[in-house]
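In what follows, subunit A forms one complex with subunit B and a second complex with subunit C.
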Partner chain A sequence: MSTAPGFADAGTRRASLLIAHEHTLFRAAVRAGLEDDSNLVVVGQAGSGGQAIAEADRLRPAVILIDSELPPTGGIEACTAIKELEIPTRVLIMCQGGDHRLLLEGLEAGADGYVRHEGGIREVIAGCEALVRGEAFVPPRLLAPLLKGLIVRRREEDAVSQRVDRLSRREKEVFELLVSGHDQQSIAKELVISPATARTHLQNVLRKLDVHSRLEATALALHHDLFPTLAPRGVFRA
Partner chain B sequence: MTARQAFPRQLTGTALEITDGVTTVVGPSGDRYVLNETASALWELCDGETGSDEMVSAICLLFDADQTVIATDVHRTLREFEHRRLLEWVDSSDLCKETG
Partner chain C sequence: VDAGARHSNVLSSTAQSSSARVLVVDRSRAFADGIVVLLRAAAIDAQAADIDALDQLSSTEPFTVVVVDGRLAHQAASDGLGRIRRQQPGCQLILIVDNAEQSAARIAELAGAATSLSRHSEPDVLIGAIRAVHEYRDVGRNPASQAIHASKTAIAQLTVRELAVLSLLSQGVSNIAVGESLGISPNTVRTHVRNLLVKLNVHSRAEAIAIAGQPGVLQRDSTSVENTACG
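Let's look at the complex of A and B:
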């Protein structure tokens, strides 16, 4: 019998779930709790990020429940990789407490919802079922801090944009070259200007960006992804 | 609808209570109002520094929702808080006076 995508059993329409957590005992406990009390069926388990990505690609579950501490690199990285597979699987991140920075990272990674360890199996079921319905899920107690985190991040991005907007076209070119790993001499050579002129442009860039060093300016650009087309090879060039 | 430029702020004497998963805001005169999850989050964001448009943008981003619908809901909820004498609106000049 064929089954619909994301459903383990087309007859009962129980949605399929993949559990990704380091500990076997935890996975077994979640599986027991879910299958007793929900319309979810666990179709696979994973103990590492690599397994989670491979199993998600193979099984295409409706939902994958990923622990934020999943080894070796954490659940957020696994979420990013799973979203890059471009499969319809929705991702529910499971985390300890309400660290809004982690939630923001999850949001950026494409996560569709969050549950907390301390929310128990009921919260996991509620989260999975919301995702199956096509909704996002955030536990009520995490909603305000997450929204506040989003607002603060937006303000920071707006402030950085305003600082970057102060740069002239030439200064933006100098800034981009700086971020891509060029020093004063090579910036001058690249733009066919004198080293003294390049130095003046660099000083103006630092002043207008309100940073104190070229390193700080580079960090600002990388943190806010101001030059997304720059290849990492260039950024970290010696 | 034009968004308010001022920032909503919880009135002094209000309090948020959470009992058995039910969130209640208590007004200065002791009146109690049960809030749903979104209204509860909005209430917590009424800190006098967060604009209603910022609330709308964040909710839209989080839930990938329609901006017009969310804006209507957020502004209606804030008006309801105001109507029930739970919040006041402050503008940036008021904040400068208070902190200056």
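Let's look at the complex of A and C:
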């Protein structure tokens, strides 16, 4: 292979692109639009997350354009898996509207940029070309929802950390054991206290965290990554 | 399509066939832009537009075919198809639909679209459909075939049972005999008749039978009607 990585044709330096979208007609349309008016060449297509990952690994394109609704589990999960391949391919997520949760999840999954369906083929081209140059790409229309998402997330985390700060040292220990899968009996055994004391600690933990069940407390801890050594990353999220 | 081609030959003395002018309207503007490039590469004059910016179209010449997002047909509130029809009267609609929409053909029929096409289609299928629909357009201008189209659209709203009743009525059978034939009470038959008169927007059985009797109107469902009637 004499071709430089990410470039389909070393002579003209056309950057290679993989399109991942469920629909054949969409892939054909965007391919036609891109190749008509840019220095990009579509080297592959994928109709599902599995195909996208396999083709990205095989073709190592400069950029992969992934639709946020790519079946079966959405474009964000495909992005996560592609980033885990540790290949130089850069990921551009294509979305409809500006859902701030989706934007944040994409960033956390390692996406290098976004384009909007509403932005037309010009925005797709601009996004691909920015990523080829090594830049990130966020259309101005998405900046507001993205910042809003970051602020919302920050506030949530502040609120959660305030609640966790209310716990005593002993209650934190109990909480950590609960999150790691212990029940009342084994918590008592572990901390060498009576089950009744363990129960009291657990009740205080739930009250101070403002949750209504042990399951909810555990979900809160995992969701906000309160015990980084415990949470097995990659099972439910990146 | 064959019938369409034949008709346009017949009518060619009055309606000179011109080339298609296509408008593409989709919730994904990127998709619409790309389709336009594909169509132009196939020597079809095409333009993309957002549903909210139809009145900003620079072109004053009307479009003959509008390729439109099937999702806009679902959004009754925003009346996407209605806006397109008012903006481009006389155009033929081609709905682009998900395979998941099992009722795609029915949606297309109710929306008065010429045809519907899966998003999983190859571009050639779309190009073929545009050419076929454009040729067929001249037939659509013929008042007689327009009446038949309207009748077909009305008939499509009937349930299988109502179709069975209508089919028997067309044979001149009484309510009692229809009931016996379908194994239902005369009262139920009367209800079916009342409902189908409303759906067909007619005031008497005679009018309903006249609509059903138009060539090709009941053809599509004739087998299922017979099966129901026998069973």
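Here is the rule we go by: the second predicted complex is superposed on the first by the 228 of 238 C-alpha atoms of A that agree within 3 Å, B and C clash if a C-alpha of one lies under 4 Å from a C-alpha of the other, contacts with A are read in each partner's own complex, and residues count from 1 in each chain.
Note that a contact is a pair of C-beta atoms (placed from the backbone, for glycine too) under 8 Å apart; a residue touches a chain by one contact, two chains touch by 3 or more.
These numbers come from a predicted model, not from an experiment.
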| item | value |
| --- | --- |
| Clash or fit (per the criteria above) of subunit B with subunit C on subunit A | fit |
| Partner chain in contact with A:Asp36 - subunit B first, subunit C second, else both or neither | second |
| Which superposed partner A:Ile87 touches (first subunit B, second subunit C, both, neither) | neither |
| Which superposed partner A:Val138 touches (first subunit B, second subunit C, both, neither) | first |
| Which of subunit B and subunit C A:Leu191 touches, first, second, both or neither | neither |
| Cα-centre angle that subunit B and subunit C span when viewed from subunit A, reported as a multiple of 10 degrees | 90 |
| Which superposed partner A:Leu107 touches (first subunit B, second subunit C, both, neither) | first |
| First (subunit B), second (subunit C), both or neither touched by A:Ile121 | second |
| Contacts of A:Phe26 with subunit B and subunit C, given as first, second, both or neither | second |
| Distance of closest approach, subunit C and subunit B, by C-alpha atoms in Å | 12 |
| Touching both subunit B and subunit C, residues of subunit A | none |
| Subunit A - residues contacting subunit C, complex | 22-26, 28-34, 36-37, 94, 96, 115, 117-124 |
| In the complex, subunit A residues that touch subunit B | 107, 135-136, 138, 140, 143-144, 146-148, 150-151, 154-155 |
| Residues of subunit C touching subunit A in the complex | 27-38, 41, 48, 50, 96, 117-123, 126 |
| Of all residues in subunit B, those that touch subunit A in their complex | 23, 37-38, 40-41, 44-45, 50, 54-55, 57-59, 61-64 |
